[in-house]
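These notes open a run of structures that come right after.
One chain, chain A, appears in both complexes that follow, with chain B as partner in the first and chain C in the second.
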Partner chain A sequence: MFLQLFIINKSGSLIFHQDLSPAAPRLSSNDSLRLGSTFHSLHAIAAQVAPIASSGIEKLETATYRLRCLQTLTGAKFVITAQPNTPELEVVLQGIYELYTDYVLKNPFYELEMPIRCELFTQHLEKLVERYNAASR
Partner chain B sequence: MIFNFYIFNRNGKCLFYKEWNRPQNTLQHDDGEEKRLMFGMLYSLQELVGKMGGGDGKGALQSFTTDSYTLNFFETASGLRFVLNTDNRAGDLTAILRHIYGNIFVDLVVKHPMFEPKAGVPLQLPMFEEELEKYMKSLPCFV
Partner chain C sequence: MAAPGQRLHILDRKIAVPGSSYAYPTTRDTRVGIVSASSNAYAAAGGRTTEVSLSAFSFLLSEMVQHVQARVTSIDALERRLEEAGYAVGLRVLELQQFRDKSVGKRKTRLLQALQWVSADMWRALFGKTADSLERSTENADEYMIHELQPITNVFVSVPPDLGQLNCAAYIAGIIAGALDGACFPATVTAHTIELAGQEANITAAGGPRCKTVFLVKFSEEVMRREAQLA
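Up next is the complex of A and B:
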């Protein structure tokens, strides 16, 4: 089951955050903004302390959930968290990226790097996640 | 392939560092800075992991992976942090870090009469190093 989605722009501000299931822990909007920026910096530091030439964090495993991060060529980061046994995180992230290009970037009223408030994007995101959540139940 | 290994105490002092393969070190000129940055990253990452998962999330972080390496993490109840960097084919190393702590570190460091847990000085214990070296080289993921 998927828990949360964060979208972070190339300068490290959180531009979108959504709980993807009722099981997601409650975060205040201050906390989610802070988590978004912290992840952005840790992503960069992980490449700096690396013992070998490396990109930033792509996967993270913890005892209670797992996290996947997709960094696009333009520098935006899509970060999704899910319960430990959830499959196909990468596929869903790719799907979300496609929704973002279709319903956010092509929205004439959307300004780049600004917080995302696009009805169509949220609707399709919910549909996509619901489909995967239902399949993994 | 195993790259390197750190042990930090609860105050963030690096007690032990060993590298077997390290093609890149962006902070080569300043060893202390590199350790501090590593500890700082882990500290914030633990905070982030706890916050994102709701609750305090103590001891929850296990590993993270980039496109070229995996950092395996283990924190003991006393706040010691063990960090092992490997390539992405090594698999789950939680059990190995536990073994290093429970069977090697406790036996040869904690039980050593000269070991002062609170001093935060780098370990100078040849027996521990030898044993660790032997164990690491016996692992199938070493090369």
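Up next is the complex of A and C:
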């Protein structure tokens, strides 16, 4: 089951955060903002300290959760967390990226790099996640 | 890191992201544009396509709305400016379709014929489908309503709460007004957002849109006078 979704813009601030299931840990909005920028910094550090050319953190596998990160060409990061053994994290991230390009970028009332408040995006995101959650059950 | 080709799907939906099962939100074809009965002949003759990508259209419209929004102070003014932009398109669509559909022959002289042409033929040429319904107002004889569940101007648009009743389909309202005016049926056309209720809500409950757009067509007095004489 998926837990949470974070979208981080290219300067490292959190522009979207959503709990994807009731099992997601409760975070205050300040906590999620902090978490978003911390991940952004760790991602940058990881890319620099790697002994080979690296694009940063792609996934984390732990005993209690999985994390997958998709960095787009424009520098935005889509980060999803899920319970261990949840399959298809990267496929879902691609789906979410597609929803973002449709319902956020083509929306005349969205300002780039600003927090995402697009009703249609949230609606379709919920539907997408529901479909994957139902399939993995 | 994303593969180099992946960014292209923002511009053209035909390039699918491998492994993605995301379905396009409507069953409608993802391309919009001038598709008339003779478009095949056109394509064969000149080798040019008469359809445009929905993404390209959406980006262009989005830029237009932002451009206008920066220059107006009220929601009303924003809608008027979008209508003005559509008006010129309407005039041209009328001309072009009349020219292409030679089978149609004579131009429309009666009010209902003109409205039906707009909600069926013009709609098909522009959006690849007919309007969802055409109704006459029960209160005023000079008012008609064209219903559209999901106008292509609204496919990707979420209107923020502070802009209230704004409907980007004002652009399409302008197209309708332009086409009708060009055919000598001057009318004011406005786009309104209506929440779906009852039966319609059930039909589209399975993930469809929650609102529909109603284009209110109010004909000017001279049209109604002429229509009375012709009857």
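We adopt the following convention: the second predicted complex is superposed on the first by the 137 of 137 C-alpha atoms of A that agree within 3 Å, B and C clash if a C-alpha of one lies under 4 Å from a C-alpha of the other, contacts with A are read in each partner's own complex, and residues count from 1 in each chain.
In the analysis below, contacts are C-beta pairs under 8 Å (C-beta built on N, C-alpha and C of every residue); 3 or more make two chains touch, one makes a residue touch a chain.
Since this is a predicted model, take the numbers as computed values, not measurements.
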*Once the shared chain is lined up, is A:Leu105 touching chain B (first), chain C (second), both, or neither of them?*
second
*Answer with first, second, both or neither: which of chain B and chain C does A:Leu128 touch in the superposed model?*
second
*Touching A:Ala46 in the superposition: chain B (first), chain C (second), both, neither?*
first
*asked:* Tell me the contact category for A:Arg117 with respect to chain B and chain C: first, second, both or neither.
replied: second
*Figure out whether A:Pro25 sits in contact with chain B (first) or chain C (second), or with both, or with neither.*
first
*May I ask you to decide whether A:Ser55 touches chain B, chain C, both, or neither, giving the answer as first, second, both or neither?*
both
*asked:* Can you give me the overlap between the chain B contact set and the chain C contact set on chain A?
replied: 55
*asked:* Quick check on the complex: what are the chain C residues that touch chain A?
replied: 1-2, 6-7, 9-10, 17, 19-22, 25, 55, 58-59, 61-66, 69, 156-160, 163, 168, 207
*Parts of chain A lying in touch with chain B, wherever the complex brings them together*: 4, 25-27, 31, 35, 38-39, 41-42, 45-65, 67, 81
_chain A - residues contacting chain C, complex_ = 55, 70-73, 90-91, 94-95, 97-99, 101-103, 105-109, 117-121, 124, 127-128
*Of all residues in chain B, which touch chain A in the complex?*
3-4, 19, 21-27, 34, 37-38, 40-41, 44-45, 47-49, 51-55, 57, 59-69, 71, 85, 87
